[in-house]
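Below is one structure, written out as structure tokens, with a few remarks after it.
Per-chain residue numbering starts at 1, and chain names A, B, C, D and E are given in the order in which the chains are listed.
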Amino acid sequence: MHEHLSFPILSAIVFLPIIGALLVTLLSDRRPEWVKLCAILFSVGTGALSLWVLASFKSSSADFQFVSQHDWIKAWGISWHLGVDGISLFLVVLTGVLFPLVILGIDPHHDQKRYFAWLLLLEAGVMGSFLSLDLVLFFLFFEIVLVPMYFLIGGWGYDKRVYAATKFFLFTMFGSAFMLVGIVATAALARHDVGYLTFDLVTLAEHASFATNTGRWLFFSFAIAFAVKVPLFPFHTWLPDAHTQAPTGGSVILAGVMLKLGTYGFLRFGLYLFPEAAVWARPLFLTLATIGIVYGAIAATMQTDLKRLVAYSSVAHLGFIVLGIFAMTSQAITGSVAQMINHGVSTGALFLLVGMIYERRHTREIAQLRGIQKVAPIFAAAFTVVMLSSIGVPGLNGFVGEFLVLIGSFQTARWWTIIATTGVILAALYLLWAYQRVFHGEPDEDNSTFAELKLREGMVLMVFIGIIGFTGLYPKPMLERIEPSVDKLIEHVVSHSDFMPPAEIMPPAEMELEK
Amino acid sequence: MMQILAIDPLLTGELLWTPLLIVLLKVVVVFVVGLLATMLMVWFERKVIAGMQNRIGPNKAGPFGILQTLADGIKLFFKEDLIPERSDRFVFKLAPYLAFVPAFLTFAIIPLGGDFRGGNDGLVTWFGHQTRVQLADPPIGILFALAISSIAIYGIMLAGWSSGSKYPLLGSVRASAQMVSYEAALGLSVAAVVLVTGTLSTSGIVARQSTLGNWNVIVTGIIPFFIFMVAATAELNRPPFDLVEAEQELVGGFNTEYASLRFALFYLAEFMNTVTMSALIVTLFFGGPQPISVGSTTIDIPIIGNALEGTVWLLLKVLVFLYIYVWFRATLPRFRYDQLMNLGWKVLIPASLGWFILLAAQRVGQSAGWDRYVVTIATALVLLVSYSLLMLAQRTSTNERKRDGVMF
Amino acid sequence: MNLAVIEPTTSWYLVLAAVLFGIGTVGVMVRRNPLVMFMCIELMLNAVNLSFVALSASLSDINGQTAVFFVLVVAAAEVVVGLGIIVSIMRRRSDATADDLSVLKG
Amino acid sequence: MNALFAENLVGPSISWMGISPLLVLLGGVCVLLLLGSIAPRWPKGSYCVFTVAVSLATAVAAMLQWRDVTKNGPKMLIADAVALDHFALLATIAIAISIALVSLITDDYLRREDYDGPEVYALYLTAAIGGVVMASSNDLIVLFLGLETLSLSLYLLAASHRKRAESQEAGLKYFVLGGFSSAFFLYGIALTYGSTGSTNLSKIASALSGDSPFSQIDAMLLVGIGLMLVGLAFKVSAVPFHVWTPDVYEGAPSPVTAFMASAGKIASFAALLRVLVVAFPTRIDDWRPAIWVLAVLTLLAGSILAVVQTNVKRMLAFSSISHAGFLLVGVEAAGHVGDKDALAAVLTYLLLYAVLVIGSFAVVTVVAGKGDSHTTLDDFRGLGKRRPAMALALTVFLLAQAGMPATSGFIAKFGVIKAAAEVQSYSIAIIAMLAAVIAAFLYLRIMVSVWLADSTDDTKLAIPTGAGIAITLAAIFTIVVGVYPGWLLDATRMVSNLATIAIQAVDPATQTPAG
Amino acid sequence: MELFVFVCAAAMVLVGAIGVITRNNPVHAALSLVLTLFGIAVLFVANNAHFLAAVQVIVYAGAIVVLFLFVIMLLGVDRAEDLSTEPLTAQRPLALVVGIGVAGVIIAAIVKSQDALLVRGTGINSATLEDADANIRQLSRSIFSDYVFAFEVTSVLLLIAVVGTVVMSRRQRGQHVEESA
């Protein structure tokens, strides 16, 4: 039915960056401009492809589109199965947009060639993870992103980079250890129901049914991996380190898309494959999410390092997303998906800005920064917009997701939601306070030479701010593409478990009134 | 345990007194014969060498000096027993026995007589009991001999080591290296005999050499006999292979530090071994107690009964070899050590192995019905190629050594 | 007179072999001289040989004896190789024991 | 004419084609030694070329047999002493590949260490003979002889660097402990023989199956199995029988270490599987727990001890212990009704690991320099700058050993985990994956040294041709199999259920009636 | 009679074995080993394995232990090993525990299954008056039929031994034997 089927656009999205990475590696070190050009071309190309997907996406359909399915490892029932639906669509687009921006906006200080190669490889991995509809394929990409990220942090990060990179790598690997066993066990157990060994997500989800206990164990094996990746509360300790030590580009990508691998995984695999177990585990995850929100917010308040602050804010924001996911109402999950995108954009932009501050001042200590607003007003303005988006001020994109999550969750997870709401307030507190300390006041000697936003930086930021503004003001196109898939997912959950969604789903407008 | 004894027809039935006495008698006889033979051998050797060197030799004690050995023995017996201070006392005392005992043990499996004529298997009837004129006839007789000869090394080795002195040590190391080296060739030539006779039992081997044409020396094509002879000489540390005792280099060899009775034991063992080895050669290659017979005619010694006649034949044959050994000693110059080793490793072992393969090929060809000449020629070709390869490799390594300027 | 009636059964031999094996095991662990350790391994192999022969007799099956034959060959080859290594080590240092082999710790 | 030949001995028919790989190897040894002694000065590198040719010929012979077996089914040769089946042939091919690669490294190594002569290559080939015999034996005595053939060669190889005290001591240590373990193994054979009346694996199996009266002497049999396990556990260096591994791996010449870790492991594991799966399928409940415990100990101890090492060779030694643990997981799974997938998985793992470890040690060999002395972590510092391509290859090997997807290591681990999951040994699968995470830290440490630390020595390392070829081939193989493993898996899937074949192969006529 | 033989041989075996592990001097240990080997050979004979008994003596006593002695003498390592000081304090008790444990487990298993040892197989022909070589013939048949492959493999084993000695003892070109303390 898709005329695009003739062109495997999703495969192209995955392979293009890989080819780019190889090409970059092969290019000579002596011509850095060629290297950069190549990297830009390939990332922009990938971005363009993702936008093309966005453009030709059938918004009313809840099914997977642009599906590309081939046998890969036939002996084990593993296939090259890519597809995109409302849940993954915007993540793919986000990835496609973010990478060229990072490549354009931030220059590495050394070893440009390797930096770009890793970055492109990372893009391929992230894209692959979002697109995979085969468990093993997903695992493959999910794991493979570690390597470029490890080298990015370890090679181009700050002073404690090796420690941070190693911690990041091991934590994530620890999670995926369980997931791999879970994946294999799922397929092995489902073999009976399906009739043959397959790792195909859709087949498994539709045909397999697990005994209650088995399903719960399996769910947990997946959940650990995703919880580490998100990161949920007790597994979050790698995140501040990784963020702080990562180079700016790495942080942007890490916050922008990589953390979403966890939340996306919960939706795509946790809920879809093991609805019963997911429903059963709701209280736990809601609690963890809430703890994450509050804890992240409080921890952020106490940070003295600007980047660490933003990192902790990520913990809090992702708590919202998880909250939404496990609330399991249409709005909440839609909100979560939207929030994934919004968080990616706004936090990405925040890290970009913090990176710029570091570039100029070679410090991220809040205490050492002061009065930048005076010296660099445009910069401060940009920072304000992004920050407000991150806080979730209505009219900006952050609001849409967070609000939907809260509304949706309130119906099924009332008390958690109430506690979580304090996180919103705290977010305002720590961000505004930080803003005040950094940008207000009289610049001292060091800060008085703070350079204003450069043109190239401005252009990059413009894209972010554009998205922030557009989504904040006009979220409908986004939501209407997300919603069908989410509804279908919830339907699936409901039909496979004893979970009852709130009887009547009220349109957002009415709910607003109620509030 | 029972089975091995049951081979001896004496012990097949219930255990009675008569057979037991017969066995005891045999033990005593073998021991005495052994000792006696040794004493005579010592005298014999001295006498013969003296004759060859135009001397008179021992002539004081007894008629023709025949009691000279006894006199020497008594003298040694009464000498002071010395134990060097730096020696390992226990081993020092043990070593002579380790040398002496094996020399006697081999005698146990040599058929000393018996009636092998006309297809008889050597059984004789004593006191109403069938038995062999042989102390024991285990089914693995010849292996027993090999085993004992391999053990004989210990005495020499430990004697040299335990003396706590350099020269004996060097002597004993030389001796044992020599014995180990030549044992391979010895074993391979025995294997040739076993191949053609198809049994390991010594009486069986003797029984299959009924006529002169059937003597293993001929059946195996003489080469194994020569190899055995040479290897046995080396094994005995007798001239021209008596490097152990090379006086010029090693004072007196492994037994330098020994005196009195202990020395006598070594001395005794050495001559005992010569006698045993000769008897073994006779058993393996020359029909043992079988009389000489060509076709259907047998040289019969009149008067003596058939059973005893075997013993006489054996003694006569052994005497021939004893004489040969003495002859060697009187005429051949001593080898150099590297010549000795070269001879052992590069000539005797390849030759005996090649000959063994040739015999085996013949054997297989015979049972498979192949043309005998073709088999021979083909095997010979293979052996030739192998040998030339060996030579080539040797030449190469010699060149290499020369170039590198090292000895090995 | 009574003693003459007692016939050692297979398990006697097997137990003897087990004890011998145990002694060998202790020896390998206790002794420090590689040569002696090596002798202890020979003890262990002999215990195995004894077991094989006894079992062969009790099963009335010749293959056990054949196995011993192969063990003997292996033992011989092992000794050659082992002594080769020991000799080439001790040529450097004449009084090495297992403890002196400490270039590699652990 | 006389008694010995009166009754003609009718020997078993010998299928020369069936053992053609062995014959090729044996012929290779003979020719090598012969020509080596006749013409001692061969042109540079020709020993190596010859050995590679022999090993490739072996592989080809094995492949021809493979085709034959595929067509005509597996069979037992030479009085049921040798099994000709896919299992044996696959192991043969893997061993042949190992020798070929190792020979490539050895060439330059020997020249660097001023050592010439064909002995080392001859020992490789004899070791290979031992390995092939082990993998294809269907008789405990044959297996033992194969084991000794392999071990003796390895002792000598380990001690072959005569100017290096470590090498000689490694040889001695290996020898003493190896002899010790052989004695255990042999005693196990003796007791097994005593309780089943045969040393033939198939006959043991049939003696133990069904209504045989041998169940009464279970105690002896169990001790026999236990002792054999101890012996084999030494050989595969399973904890707590691993004590020799680090020292020997460190002390032995690097190419030899590669050989031990590849061909040695292949053979030992093949033998372990043969013994357990063919001979004792009826005693699974007895030996599976033992393997389980061994596997867990090996995994954990191997990984944890590896972390504290500072010498790369030692690290790789411990990592090989940890890999042995993984393989034991597969063995444990294979215990379950002789699962043929598990057998295939273990063999595949062995093959892939062999290539990986040879690649790694090839790099180590090059880095170690003359005297084989520069093998500490510090010596690897800055390798990424000095030799980026080789460093990249090393990274690929290390990542693959860590089980990173898109490398062969992932395929290997996945297969084993899948096998474990299919027989529901989840706990051990999870432990294995966690051990892999711990071990990953080790690989990361090496990678940190290679890429992220500054070099102390900026001289360009020379990469010799042979090692270069070996590293390149291994790296390509690692990636290709990681990305496109289908062909390999299809091939290995033909490895059939050993136990059933073995029992079928026993001619009922030759079976002595039980009791 | 058999009992007598067994007891004597067992005593030889055990005394020898204990000698091996307790005698300080390697030469004495080797001699103790010889004692054990002879004991084993006697027990072989008691179990109808004459051929093996002979081979045992030839190979073990005649070759292996002689080689040991050779090495000991050639290298001059006959210095008595001081067993009174133990570098690793725990090692000796540990070794004892392990050794006794191993032996104990095996003995327990043997005792437990001693009554069940079954007669199986073709029987062992023992030497008789008519056919003294029965045992040997049977053995050879076993080697050259059932175990012919194993027999062939031993050739490789011996080849390795030869190559091994060459590798270990050949002087390398330009090698200077380092003198070390």
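Rule of thumb we're sticking to: contacts are C-beta pairs under 8 Å (C-beta built on N, C-alpha and C of every residue); 3 or more make two chains touch, one makes a residue touch a chain.
A quick note: this is a predicted structure, and the numbers were derived from the prediction, not measured.
Colleague: Let me check something: if the centre of a chain is the mean of its CA atoms, which chain is farthest from chain A?
Modeller: If we average the C-alpha coordinates per chain, B ends up farthest from chain A.
Colleague: What chain pair has the highest count of contacting C-beta pairs?
Modeller: Ranked by contacting C-beta pairs, first place goes to C-E.
Colleague: Between chain B and chain D, tell me the centre distance in angstrom, where each centre is the average of that chain's C-alpha atoms.
Modeller: Here chain B and chain D have centroids separated by 49 Å.
Colleague: Could you please state the distance in Å, as a whole number, between where the Cα atoms of chain C are centred and where those of chain E are centred?
Modeller: 5
Colleague: Nearest whole angstrom, what separates the Cα centre of chain B from the Cα centre of chain E?
Modeller: Each chain reduced to its C-alpha mean, chain B and chain E end up 27 Å apart.
Colleague: Where the CA atoms of chain A average out and where those of chain B average out, how many Å apart are those spots?
Modeller: Going by mean C-alpha positions, chain A sits 92 Å from chain B.
Colleague: Among the residues of chain C, which are close enough to touch at least two other chains?
Modeller: 14, 21, 24-25, 38, 55, 58-59, 61, 63, 66, 70, 74, 77, 81, 84-86, 88, 92
Colleague: So which bits of chain D are touching at least two other chains?
Modeller: 3-4, 141, 145, 148, 152, 155-156, 159, 162, 187, 191, 194, 197
Colleague: At least two other chains touched by the same residue of chain E: list those residues.
Modeller: Residues 1-2, 46, 48, 51, 55, 63, 74, 106, 110, 117-118, 120-122, 133, 141, 146-147, 150, 154, 157, 160-161, 164, 167-168, 173, 178 of chain E each touch two or more of the other chains.
Colleague: Kindly provide every pair of chains that touch.
Modeller: A-D, B-D, B-E, C-D, C-E, D-E
Colleague: Under the touch definition given earlier, write down the residues of chain E that touch chain D in their complex.
Modeller: Residues in contact with chain D: 105-106, 108-110, 112-113, 115-118, 120-122, 131, 133, 137, 140-141, 144-150, 153-154, 156-157, 159-161, 163-164, 166-168, 170, 172-175, 178.
Colleague: What part of chain B is in contact with chain E in the complex they form?
Modeller: Residues 1-4, 6-7, 9, 12, 88, 90-91, 94, 137-140, 143-144, 146-147, 150-151, 153-154, 157-158, 161-162, 169, 172-173, 176-177, 180, 183, 198-201, 204, 404, 406, 408 of chain B touch chain E in their complex.
Colleague: List the residues on chain B that touch chain D in their complex, please.
Modeller: Touch residues, chain B against chain D: 197-199, 208, 363, 367, 389, 392-393, 396-397, 400.
Colleague: Taking the touch rule as given, give the residues of chain C at its contact with chain E in the complex, in rising order.
Modeller: Contacts found on chain C: 3-4, 6-16, 18-27, 29-33, 35-36, 38-40, 42-43, 46, 49-50, 53-63, 65-66, 68-70, 72-77, 79-81, 83-88, 90-95, 97, 99.
Colleague: In their complex, what parts of chain D are in touch with chain C?
Modeller: 141, 144-145, 148, 152, 155-156, 159, 162, 165-166, 168-173, 175-176, 179-180, 182-184, 186-187, 189-191, 193-194, 197-199, 243, 246-247, 250-251
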